[in-house]
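Each of the next two complexes has subunit A plus one more chain, namely subunit B in the first and subunit C in the second.
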Partner chain A sequence: MEAKKSFVKINNISMWYPQKNKTLSQVFKKEQQWVKAVDNVSLELAKGEILGVIGESGCGKSTLGRALARLENPTQGDVFINDISTQNLIKEDQRKFRRTVQIVFQNPFDTFTPRDTIEKILMRPLKLHGIEKNDEERRKKCIDLLESGGLKPAEEIMKRYPHELSGGQLQRISILRSMLFNPQFIIADEPVSMLDVSVRAEIINMLLTLSRENDATVVFISHDIALTRYISDKIAVMYLGKVIEYGDCETIINRPQHPYTQALISNTASIDPDEEREIIKVEGEPPTPVNPGPGCYFAPRCFKATENCFKQYPETVEFESGHFVSCSEI
Partner chain B sequence: MDKVLELKDFNVTYKNKSKKVYAVKDINLVINKGDSLGIVGESGSGKSTLAMALLRLLPEKNTDINGSSNFANMDLVQASEKELKEIRWKELSVVFQKSMNALSPVHRIGEQIEDIYRVHKPNARKDEILDRIKALLKLVNLSDRVIKMYPHELSGGMLQRVAIAISLIHDPKLLIMDEATTALDVVTQGQILAEIVKMEQTLDVTRIMITHDISVVATTCNKIAVLYAGELMEVGYVKDILKDPKHPYTKGLLASIPSLSGEKETLTGIPGHLPDLSQKYEGCIFAPRCKFAMEQCEKSKPSEVQLSAENRVWCHLYSHLDRDEQLESREDLVEVNR
Partner chain C sequence: MVTSKKGLYVGRNENKKFNRTLLKIKSDTELKFGLTGLTILVFVAVFASLLVPFDPYFFGPDILNKLGENQHILGTNHLGQDIFSMIIYGVRTSLMVAVGSALISAVIGILIGGIAGYFGGKIDLVITECINAFMMVPTFFLILLIIALFDSSITNVMIVIGLTTWPSNAKLIRAQALSIRERTYVKSAVAMGETNLQILFKYIIPNGIFPVLANTTIGMSNAILTEASLSFLGLGDPNVISWGQMIFMGKQYLTSAWWISTFAGVAIVFTVTVFYLLGDGLNHVLDPKHKSRKGA
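So, the complex of A and B:
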């Protein structure tokens, strides 16, 4: 797939949920319907690479993140980090897996126990993983960590409870906490979408520097295309659980090939009032992920759809080197 | 030009037993007929408070509204509940972020729109209402089928379209959209914004857009008001301000938004955080976070500086400009007098 050796290899990962509310006929036929939140996603990431995952809400980008962090066990497929299967790793040594893979969540107000001080919150994982010899050294590590993230005075902040800090500060702590073990693979699930624009930039820059320092591979999940362009090296566009286009960040933004990506980018509003854009109109909304198809999932809304599109899900083709598109019209 | 809404020294204060929060302070703003004004600001900047106070939807028990807001020959601040009822929907209507949640789940969309139509025209005929509903749905790009459907059968984007259609039912003079498209997806938001702009060409409506997303204002509004901690920072034409922002806060805000085209520039944020609004400040409210803060900024509040006919900024950096101009104009006057 690439000349550079891949570090994280996502191999045919799928996350299917059984549909609970069956219709009567389905009960009699004993048919199990599946909600295919993530369907056969395969991607490869080089070491230190940042992959942006974009798509509308409900396209499965967060579920992909959760499956990658093994918060949920994927229905099928596996992720290899440095050629080690995470499925085996998590069974053998769950702590080691957690040290390698970390996730940053969207809502900083929900990620912390409201009853503990920041000190307790930061010290607990260190203690559980047996890092440093005693509490004194662990505390010092935490203070250094907070100060490196620009949270000063660190000692003062350690004494506080999460509700006493602002969203920006909490999200910083959340990112710093995920960096405690120098993870090799970080999943950032919309880390700044809850924050104000003026605070956003600093947190994004912090995430960038920290991941560069650690040479960590990052999956950055976001619905904000401009922000994803700013942060990522590669971009994967998802629609109804499938990756429909993948390639270099600039290629995807400037020369999108899949009609859905084209529509998505053309609908992103710019802050330049003079910019003339041609908005590609897309009818309707994404259909349910319960047994979509058989054709291309986007075909019913696509402005380029032909008869062929409704018959079979298109194969992924390499449009140009390193730029993959799943569309039968290309 | 006709003024649709004029705010004079508009203040909103939330109060409880122990403290007061000065959420909106000394807003002076004029909205002309046909304008589309975007009010932008971060969370906690008082943009929604401003809108809710305008609509008089805040609980009277724990809010103080001072100043005046002149709309359609009446002062909204002083208006009685009865007078307000007269103008709501008819002259003044609003779409909230979660307006779609206001729809009753057990009634068909058509019935609900009909009810609202009958608020102001109780004796309307059935077919007349049906025609109106059909016209409205067409305006927001929905098919007639929707009339017979229940809210749960529609998606979020469609429901928000219904909410926008309802807000237009009595041809209001002023439409306030409070984060009306924020909860929607990029594609749906793009569609709805395009529809709003398109439908304004045919309707005679003045619009206030309240949003935290500057790109929404850039695509749909002609004027912009930047709000920070309840105070106006900068007001003017969108094309002037987004191109050449004057106030350090606006500059900072624009620098922290990544762009989709052109070179990748390093994003810079604004350090610090919102001040505590339960206190009153002597100086400029933005001074503690401002890169250009001078001694003067901490001592006195900047007054309004008129940069051009429609563009105003509240910042000490530009106060000398105004003074010079004022001096010039004064000298002119002196000469004329001579």
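So, the complex of A and C:
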């Protein structure tokens, strides 16, 4: 692979939440337990690259997305976009940061306030950021925007309230609105998981086209491995707040090294019914994110686990160029 | 394309929405009675000067007239004032106190509760404790004390009632804000670069105001009662005609001229009932989980 210069650099992002229900002894000892929803995630992305983040529910995918979009402040770590620290950027010029980084949410039915028409919803951010000179021009921009996204007649749609539109239409508006500022870094948090299967492809293609036009870097969070494979250049697999495997899309799908990734991919439905493959069954639930133990978090459920796995969390090794795995059995 | 087809039905949709709201109002008996009562009260308050047969502030020669005597429909009091005219003018006082105090209480409650619920954390902790402390105070005696110490004008009564009844509104909007701030549209507003204050006024408060509206109407009836009670204890505004005062003044003539107190009392009961029905009805209509017993 060509060595592209990294554009977005995610540096040791962690998102810890204090544990609420303490036991009595913890209260006396003043021990603070943390739920490590995202723990030391470091990734690098080139400009225009699409990173797919996969993992089972509760593994911290969405929390990572929220931390990247600064909807919540990460406990530690920073994200550098074009070598500019977002930590500093958000302090100096919050609006500029919001123009650079945008997020598309999972639930289109709840993304817009129910009290406003689409017109107001679209005009508000433009006014807020002082884009275009007057309302007339802003309105024109909104109409052009909706029509470019295939929402016709735009004039009619502008007059509607969110509850009068379908999920697909709303998600399209949501994506279009995110693109208003030509963002450099887009986080898509399961943008199609709540939509009808029939409109998913349209929405995904729209997101891809628009981000390609902007040459934006995309973090695509999903639990749909087939979909992620279709769209992304790189894949990061998360388990209990940590990235356990990371590399080029095809490498991960075809030659997964971590047992968890192997299990995950083996369970993906294939179009070809004759394809011979072994489905790896993973039993049990992931351990609690409060003190998951000294060893590899996946060890209790792992089919390859050895004694060694329970002793210490494995270091991340570069299995081959650009393919990182955290497993001690490699 | 699906989108272009749908555009044609906009007008119909709006019509449907309006009809649904109308149907909801019609299906709720309490709200229907409440609205009718309120219309009557507002009408009387606005056209009071046209409706009265005598000037209620006029101390005439007809003292303690019986019902219907000398064209006084409901008689006169010991100062020769016409009771019917006084009751009609009393509507103005009652409504003024109700609306004024409810507005003050709603504005303070929404601001404080909204801030507590949206910002959360330490701010919430402090404000919630303040609200709890305020709720412990015996409101009526506090009002009594303040009115007794300061001037007992109708404006003062209004302000004091407003200042002592906001905690229930604050609690309601705080609970709403706590849940609304987790909604996606608030998160997306953050992502669009809106400031905390913008979010509070644009998203949290407008979307969480309904329970406060219902509570405020019930609060209005309480305000009317409080004002009447204050007047009954002789702490009302002596320059304004109020039902509570009429009861207070008529008390000593109860055996000989029962009409002075009785009709003012009936008027209070009617007005308070109207506001209670309105508040209850609003609660039903605005709560999507509430279903009418008819199954409609």
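The criterion applied here is as follows: the second predicted complex is superposed on the first by the 322 of 330 C-alpha atoms of A that agree within 3 Å, B and C clash if a C-alpha of one lies under 4 Å from a C-alpha of the other, contacts with A are read in each partner's own complex, and residues count from 1 in each chain.
Operating definition for what follows: a residue touches a chain if its C-beta (ideal position, glycine included) is under 8 Å from a C-beta of that chain, and two chains touch if they have at least 3 such contacts.
Predicted model, so just to flag it, every value in this text is computed and none were measured.
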{"item": "First (subunit B), second (subunit C), both or neither touched by A:V290", "value": "neither"}
{"item": "Subunit B versus subunit C as contact partner of A:S166, first or second or both or neither", "value": "both"}
{"item": "Partner chain in contact with A:I157 - subunit B first, subunit C second, else both or neither", "value": "second"}
{"item": "First, second, both or neither for A:F105, with subunit B first and subunit C second", "value": "second"}
{"item": "Which superposed partner A:R124 touches (first subunit B, second subunit C, both, neither)", "value": "second"}
{"item": "Which of subunit B and subunit C A:V317 touches, first, second, both or neither", "value": "neither"}
{"item": "Which of subunit B and subunit C A:I330 touches, first, second, both or neither", "value": "neither"}
{"item": "Residues on subunit A lying within both footprints (that of subunit B and that of subunit C)", "value": "166"}
{"item": "Subunit A partner contacts - residues on subunit C that touch it in the complex", "value": "1-4, 7, 10, 13, 183-185, 187-194, 198, 202-203, 206-207"}
{"item": "Subunit C-touching residues of subunit A, taken from the complex the two chains share", "value": "66, 69, 71, 94-95, 97-99, 102-103, 105-107, 110-115, 124-125, 128-129, 150-153, 156-157, 159-160, 164, 166, 169, 174, 177-178"}
{"item": "Subunit A-touching residues of subunit B, taken from the complex the two chains share", "value": "42-43, 155-158, 185-191, 193-194, 212-216, 218-219, 238-239, 242-243, 252-261, 264, 266-271, 273"}
{"item": "Partner subunit B, residues of subunit A touching it in the complex", "value": "56-57, 166, 168, 196-205, 223, 225-227, 229-230, 253, 263-275, 279, 281-282, 285"}
